[in-house]
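Chain IDs A, B, C and D follow the sequence of writing; residue 1 opens each chain.
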Amino acid sequence: MTNVLDKGFVELLDVFGDDLTVVNAARVSFAKESEEMNSKDEKLIQYLASHNHITPFFHPQLRFRLKMPIYVAREWFRHGIGFARNEVSRRYVDTQPECYNPTDIRERDQNLKQGSKLTNIEQNDEVSQTIQHIQDDLIVFYNRLLELKVAPELARGVLPQSMYTEFIETGSLSAYARLCKLRLDPHAQFEIRQYAQAVSDLIQTKFPVCWESLTK
Amino acid sequence: MTNVLDKGFVELLDVFGDDLTVVNAARVSFAKESEEMNSKDEKLIQYLASHNHITPFFHPQLRFRLKMPIYVAREWFRHGIGFARNEVSRRYVDTQPECYNPTDIRERDQNLKQGSKLTNIEQNDEVSQTIQHIQDDLIVFYNRLLELKVAPELARGVLPQSMYTEFIETGSLSAYARLCKLRLDPHAQFEIRQYAQAVSDLIQTKFPVCWESLTK
Amino acid sequence: MTNVLDKGFVELLDVFGDDLTVVNAARVSFAKESEEMNSKDEKLIQYLASHNHITPFFHPQLRFRLKMPIYVAREWFRHGIGFARNEVSRRYVDTQPECYNPTDIRERDQNLKQGSKLTNIEQNDEVSQTIQHIQDDLIVFYNRLLELKVAPELARGVLPQSMYTEFIETGSLSAYARLCKLRLDPHAQFEIRQYAQAVSDLIQTKFPVCWESLTK
Amino acid sequence: MTNVLDKGFVELLDVFGDDLTVVNAARVSFAKESEEMNSKDEKLIQYLASHNHITPFFHPQLRFRLKMPIYVAREWFRHGIGFARNEVSRRYVDTQPECYNPTDIRERDQNLKQGSKLTNIEQNDEVSQTIQHIQDDLIVFYNRLLELKVAPELARGVLPQSMYTEFIETGSLSAYARLCKLRLDPHAQFEIRQYAQAVSDLIQTKFPVCWESLTK
């Protein structure tokens, strides 16, 4: 389990296949098969990746459990093709919500339309603490609504978008390569890049040749 | 444009095909074609729908613009297969947020795990007004963060999940049928049912025979 | 490996997950988890399947190697959502083709538009043998074209649609359930039903509770 | 309708959206909209295409009717994501089959593993005519089987893979861009390149800015 941000994580639950799965899916075209990775197999993987022949990379799958702020999850979920997801629902769950509380407050970047960079604004700590207080207050108010018997499906409306959510996700190697490529880009938001990096590092250990070829 | 909830809407932007599109997609199997709907065509559509032969229903498409609270959108987006979506992003937009403010506060339903029903709790108006005040305060605080030059991508974290979002969505007739069937179910949350009903009513006018067969 | 028809087969290569994978994907909504299947878990699976809540069934995956006649494969491949496939290509392979040779010749069914039933036509054996001879002759001619240096990608045009092809396929439990339900229907062609049955029997052993719920 | 090969064609049936559809799907992120294409819009499209931001290109759709040899269709159908297809079925149709008869016989290319080039082999005409005769004989034999009341679903097994098939296809602009990019590659088979070119030329007229950006 890799910790991400102040209370989030990425946990690799299970892996389906390895580099050889891709090789043998590709070699079926030639009616051949490999028992063990060799240098020819590595070249084949590089060829497939660089020529956009992605179907063999659809066969391996990975399953993760992730915990991330809602506004990060909403960008993560834009990647739908090749993924299955099941998420905790605050219609059924009314345990204590947790929120992401950034300690380094970034200012609006004037040069880049997207992204942002660290700021030196004096108010950094004050802003961070005020955000924390507001988030705490909202959770108190949410609990008060539940005490008044308000339906959780309605009460959740007052919770902030920085609230953590948790989900199980199964995706193909190809789908994760595309997600990580886009979300590791320096224009992507700092927070989502941390999750993409954690996922990428975990996949790297399981599919070293494929991942190198797909993401370089 | 159909108004939904207090500030949301469903707008049908464009339609691709009609009932006959489905008939002719199906008839290609038999190398036949119809110029105009007749009673045989209606029976064919009913047969296809009732026997789960859904491929002909993938050809027609509809494009909508929708505005709904984030926690409703998050359930709506669980339907990914057959849909394309582009959504407003509060990384780039810092116009005034708007929030959903329910006037009828529903209480937790003891009998149904899902869903909820109207409550008579005396506090109804008080709760509704307090929610309104809290949402207003959060928008004030959000604007204060922007004045302090905090990046919008971070500042949005304090906005509530009842905030409205807007998106353009293209989906196949088949994809909308599946979405509406699940989201018009009495167990679905009241708010999402209003959107499913508005979408359903608009599709009904454009694909009367197909929609009747797919959703009955 | 299960033999199917005269020279085909279905081989289960690998399995990702089990009944519990579905349970835990579904339970994430309630922030709960099971270590071992119990009777509550079985009821949950039945509930999910019967209420068309299919997302938890997208997480488990199976990988097969299949060998089937081209005209069967062409129907099998109509099921695209949730599947990854890599197939032998006769652009690159020029090993000896093999063809499906039915010994029981079915006659056109007058009552059913689709499907067909065993016939007693006297010519059964004669027809079967003539088909065999024609298929043999086509392979001889195909080899003659290759000797004349004709490109395999062009020469393959003369090979019959009864020729066997081979492919590796990864699919989700949900995708296989849909395929098997449609292809085990008595209206489906006899040949494809044999493959759907073989796949179904293999899945049954790995996901006994889910498969029972999804296909009954 | 564009004629392709000796008896095939590509016919554009209908179009859903134009270049502006992509612009406005992308601009929803910024809560803006264009009424008419201008130079800023063109630059936006180029930016989206070159940075792999493909979701706005999923909204426009095109519908084609295509007629192509089965072995070409089998490669075409490998592109499944973003496409809906309905194809003529020889289980239900027993009209006269037609086959592709190449007049220029290409020889196996020794340098390229894939693809092939025109040959000067003297036997060109002889081979072409022999293929024609064999295909004619197979159709005669197929008709003979039908006269003997053999089920069309079985009789089709003897028809050659060069037989033409016909289908209706709806796909997103993004899906067609990916297909055409891969199938216009010089390594792709000559026959499929003719279809990709015909489709590409038709799309070019309807989405001039997008198509230029997506396929260059």
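Assorted remarks:
Note that contacts are C-beta pairs under 8 Å (C-beta built on N, C-alpha and C of every residue); 3 or more make two chains touch, one makes a residue touch a chain.
Note that the structure is predicted; figures quoted are calculated from it, not measured.
Across C-D and B-D, it is C-D that has more C-beta pairs touching. Relative orientation of chain A and chain D, expressed as the C-alpha superposition rotation angle, is 180° to the nearest 5.
With centres taken as mean Cα positions, chain D sits 34 Å from chain B. Separation between the centroids of chain C and chain D, computed from CA atoms only, is 25 Å.
Touching of two or more other chains is recorded for residues 55, 78, 81, 85, 92 of chain C.
Residues of chain B touching chain C in their complex: 52, 55, 78, 81, 181-182. Listing the residues of chain D that touch chain B in their complex gives 14, 16-17, 21, 24-26, 28-31, 55-56, 58-59, 61, 63, 65, 84-89, 92-93, 95, 166-168, 170, 172.
Put simply, chain D touches chain C in their complex at residues 69-71, 74, 77-78, 80-81, 85, 90-92, 99-100, 102, 105-109, 113-114, 116, 119, 121, 123, 127, 130-131, 134-135, 138, 141, 145-146, 148-154, 156-163, 189.
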